[in-house]
């Protein structure tokens, strides 16, 4: 087990190295650089920036240096000093900007995953056990519904309806009085009260896939002889199903944690933008638009690391759940 | 000893209702299991012998259903000693849960797949014990160790915490038997228990089963396509063909004097020691018919070398009692 | 009587419903798949719906009563006009009422009132805008439309430039329903190739490709899209940008397909028929393409079906970010771009109708894929 | 800043004298001579300031309590000897919280326009003259080279420290002249290419001296250009300035804050030398001269920013009440427009005229006025056109360049556009067809420039186009001389929906006359990158300089890189050595010379006359194609917010609504 984890961690290193390069390349892809974006932004306000000012801005941030040099400066800072560089746009160190947001993003993703499971689990079991029944169709229809509607649209419509009929505007992750408050139990409660709706919208997008996986796995497992053994032992039907095939079908379920995280994070980018959530999403979008290189690169990198770790955790969890993996 | 049979199946019909049509997997099974005896069911693949066994425990899954017949079960004294028609029970009723594992236990062909791969052996045996007996976890565990020891598993304490994939095939089947017998059932249904094992292990397992039968005084319903096993283990043999019992007899009679043409053909199709090595076996001619389209009349008639036109293909012969005590379903043995 | 050697009657593993197989042995695989697929009623219904949707895509210009790009300054945001019918003698048959509009200079919009005195008859096989049917025949025949093509009839309302939403939605079917196919095609090629290598050869190839998949999956897809989309050369025409976007989508999409393929390869590699072929001295490509690939074609088809909805939804997401397709290209994502502001939801909710098209097709594809997947492996029960 | 901005304000000043006397659309221009000339700007303060006895000053109840508790000096001591009296239209009451929405990132303008406009001098609300602010009075030499300002005595920063000439001295010598912070002197501080000289005469007197006359300096001071001048509290700023902090300590500070260069820290904590940036709003309690000071600061993570009243604010109303009336400003930080709009609809925004106030959103804001308890006010836009289509006359492809430089080709394209249809479709009938031109009613209005080639006439269009590209292929597409089909890609910033719609319609019209046209909406920075290197065929941007083309002549001749139709020529004008520079033809050079003549004029009349000559030349050259006059926009204000004018001019140079004195707004 220990060597398994060790091997997995070692395998992470090249992945992360590649991720850092790609993170950096992504931001270099669009034509122009932060200076262009900044000037274009000012121009939209009516301000005019001269060519010289543009050049001095480039010089300030070393944007005229070769890409490789910029990359190694950035990577060097991260590896040696934990310095992620500075955000050009905010004129703040990247690390000051991203951690709270990453923390909230992880919260949102976690709650979404839990909600996804909560919805997908009973539906998946039901629709496998009662395959092709009316209930199977109805529940999977509900489950698939979430994946069919673009999340941002659902969010917009829900926000409008909430305004229209309840006179409330769902926005952000905290009530006004908690925005600036220190972390406390009350603040966490407030957070959860704001979190559930976006988490639900986000989670709905993943339920269909999970229902499908659970259903397919369970259908396979239900046909396995050990289920008959369990019945032959005298176990009541639901107990026989829950203890054996469901428990087996759970394994791939856990392994989904690895891939559901990146999709949730991507999904949360747009949703957060619409629902005004202070997660990494809007900051990332904004930094990509303004080509705020180190900010965008660092966020992509950190999110990549998070997903790689998420995959690792799910694999370890899987090993804990499944002795066949553990003992190999 | 009680003279009434432990289990008596009469006129059992189990059908599968599929979109493609109805499969009459069991279409008239009659058999009897006496206390302390071993009854074998033999037949080709698809003859309905497994479904018959599954029917006893109401384990036939949808779209399969018992549509007719009786399965009379003599309950042991401890649970009332009354006669119960298992076929009339609902598959999810409390009685059948009590009977499954408690009074009638079952073991299967593939011990690896028949045991949950992610639960320890101990977990699965303890669960079985505690399902039927009001004992504590510790007591159940102690009994499980005892059981494992009884079925000949060395270092049972350790083995209890092993997973099935950590055991060898023979050990797994022993564990399976231990689990089945942990509640001292009166009947053990063994569904091809040795098919997946190598020959030496087969012999050991069969021997173990005989031993345990003597110890526990239980009956065994042995389902197999292996006539050798039947010869070795059984007191009575039931031959099934296409969902019907075509012949029942005590083992010696059956092997010496098979009555039904199918049984006779079966006997000819297996090699015997002492036969000339180059001599060809005599396979049964033709194919097992399509289960959706059972032949009219005697279902064996298209393959039968004693086929009587106008008779065999017209009406289904009933199962008749023979003077020897056996029974046969063939017009040749009329009146 | 113990003289017989323990000889068995050959038989496969016994399970209760196995008996069916006796006759099923002889049916070809596609037939078995079809039998199993039939049982999934929802999948059957979905299949029919999808055939209809693709027919709409094929004959979109014939079905669309108006040119989807035609703007009309007097019908900005006109609400859907309801259809009336009156088949009496000298009566107009099916018709809508005309509307009169005034500009509200403060609210900056047009206000519409239904004018019952103005009857605009609709008719089947009407003449309208000119197009090439199936890209070949030049015609102006349409399934239905106002009897006088110059008269407006907005059955699903109009957008901010007075374009007919119904026509745009019908025309949008083409791109939205094909973007998935094209994208999936690329995913498929990549997925089968890399997944196949990974699964068949195993070992260090497998490790390498698995890491690559891990790596691609760990990159949040939106920044990747944004970077790639912004990097596309300006001079590219809309069609090429569209093509490039599908490639971008498939760059991420192939990983899940590769996983499926790899999984199947891994399990098939151990199957007897593959071993037999190998012992027979069959060449590797022959083993892969002749023996293994056919064994999981149905799985691949199912996976493809399940991958298409993701592509359709990605297209809408990209459009939301302003990175996807752009006007004057018409796709459901482009149409929904109009709907994704409070103004539209509050005052022109009919602009959300294209979302229904997205939902229906995505649902249908999901169910179809599910049905196919259930049926994909006909030999397990 | 391009150095032309030097000139932009002089004329603006004049212009609004007649424009805004009556804001109604029918207002006819009053004669130019009535306009106060910039060099004649009042030497003495315009506002009548009858000395108010100290006892007559009053303050907000919360401040009075603090004075009572001894936490704050009494109001008389906090106010300068001679506080600026700003007459409120309606004398207000203290209290209330003003809620607004802003977007993260570079949206410092949201603060600046509400409270950050505290310069030496300021525009009157009507934008018709310049009045004292932090400078109590000033003298200008007759040749417009020497500007002497007398600072208001006793003005204090929000922490109680005095504001003196030292602060400005620090700003000049240690901020704008520090090459670490500002590579080159901002354009508005130079004249004839030479930087201004600064002199601190005494504690409250400062002097700026130009080598070359600069008649526009006062106007620059009254505009956003000068916003950093009065925003550097020396006593606070020195702790972040490399010159004043020893190297080791600076190093430690940088390390602690995670900064790589001290400029970053200075910009984050104090101000950006050119005045932009979030520096003034990033630190709670940072000393300021604004009406409100930061409580919860802005940061990249902030979801709201709050500001509370500055107890040392140095303005009072006619009754001696210290401004501001409103206690607190709360800015919600929004990632996206929809939530902000919903907040506005729900009545949770008290006054705002940024971000969500698009023409498209007007209908929904209008519909919800009653539930949201707010009303709309008018913003008169100062632009010259809704859409300026800039065909790239410096195209890199020589064939394209020759075609696009052909005036007949541009005329043909202009005739091909159905402007009224665009106005009806995209602008809901508001506005009238026009080329980019100064608005009617300004002294710069040139009828030819505004109205030439605006009829929709396909025949005429084809006639002109036939002169240039007579050959067509089978599909009716005109062929270039090299035989390739003539194609034009119009680039449009995707954030501007109406320009995107216009572009698509224009593409349709041009396709109809045989020019294969595609409208391509894209991220605006991508568009800018292409434009800056003149890689585009054509692009669309809003027209500027509609009220004063002297200040922003980009659409009339290539004066800078915002003249997207001729970036190469503009680069030559700026600096012939620029690698992007292309020597312009004689016609353009003549316009450049004319503009230099405009700049050399010291009187406004002279500037107008020369500019009109230039505009006539521009009309004859026909550099870019326009669509229509700019419709008014709007903002929202809660019904209980008072002193909000019903109409304002909307411009960047006159940073609406700051000149109408938001500190006089109050709730009742």
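Chains: A, B, C and D, in written order; residue numbering restarts at 1 for each.
FYI, contacts are C-beta pairs under 8 Å (C-beta built on N, C-alpha and C of every residue); 3 or more make two chains touch, one makes a residue touch a chain.
As the structure is a computational prediction, the values presented were derived from the model and not from experiment.
A simple rule picks the central chain: find each chain's mean C-alpha point, then take the one closest to the mean of all protein C-alpha atoms, which gives A. The pair with more inter-chain C-beta contacts, choosing from A-B and A-D, is A-D. If each chain is reduced to the centroid of its CA atoms, chain A and chain B end up 54 Å from each other.
Averaged C-alpha coordinates put the centre of chain A at 40 Å from the centre of chain D. Averaging Cα coordinates per chain places chain C and chain D 48 Å apart. As a whole-number value, the distance joining the C-alpha centres of chain A and chain C reads 25 Å. Within chain B, contacts with two or more other chains are made by residues 54, 59, 109-110.
Across the assembly, chain C contributes residues 15, 39, 230, 341-342, 346 that each touch 2 or more other chains.
Annotation for chain A: residues 30-31, 156, 159-160, 225, 285 touch two or more other chains. Pairwise, the chains that touch each other are A-B, A-C, A-D, B-C, C-D.
By the touch rule above, chain C contacts chain A in their complex via residues 15, 39-42, 207, 211, 214-215, 217-224, 226-228, 230-231, 256, 306, 309, 313, 316-317, 320-321, 336, 339-342, 345-346, 352, 355, 358-360, 362-363, 366-367, 370, 373-374, 380-381. Within the complex formed with chain D, the chain C residues making contact are 69, 71-74, 76, 103, 105-110, 160-162, 230, 234-235, 237-238, 322, 326-328, 341-343, 346-347. Listing the residues of chain B that touch chain C in their complex gives 16, 18-20, 23, 25, 44-46, 48, 50-51, 54, 59-61, 63-64, 109-110, 191-192, 195, 199, 202, 225-229, 231-232, 251-252, 255-256, 266, 269-274, 288, 290-292. The touching residues of chain B, counted against chain A in their complex, run 54, 57, 59, 91-92, 97-102, 105-106, 108-110, 113-119, 127-128, 131-132, 163, 165-166, 176, 179.
Those residues of chain C lying in contact with chain B across their complex are 1-23, 35, 38-39.
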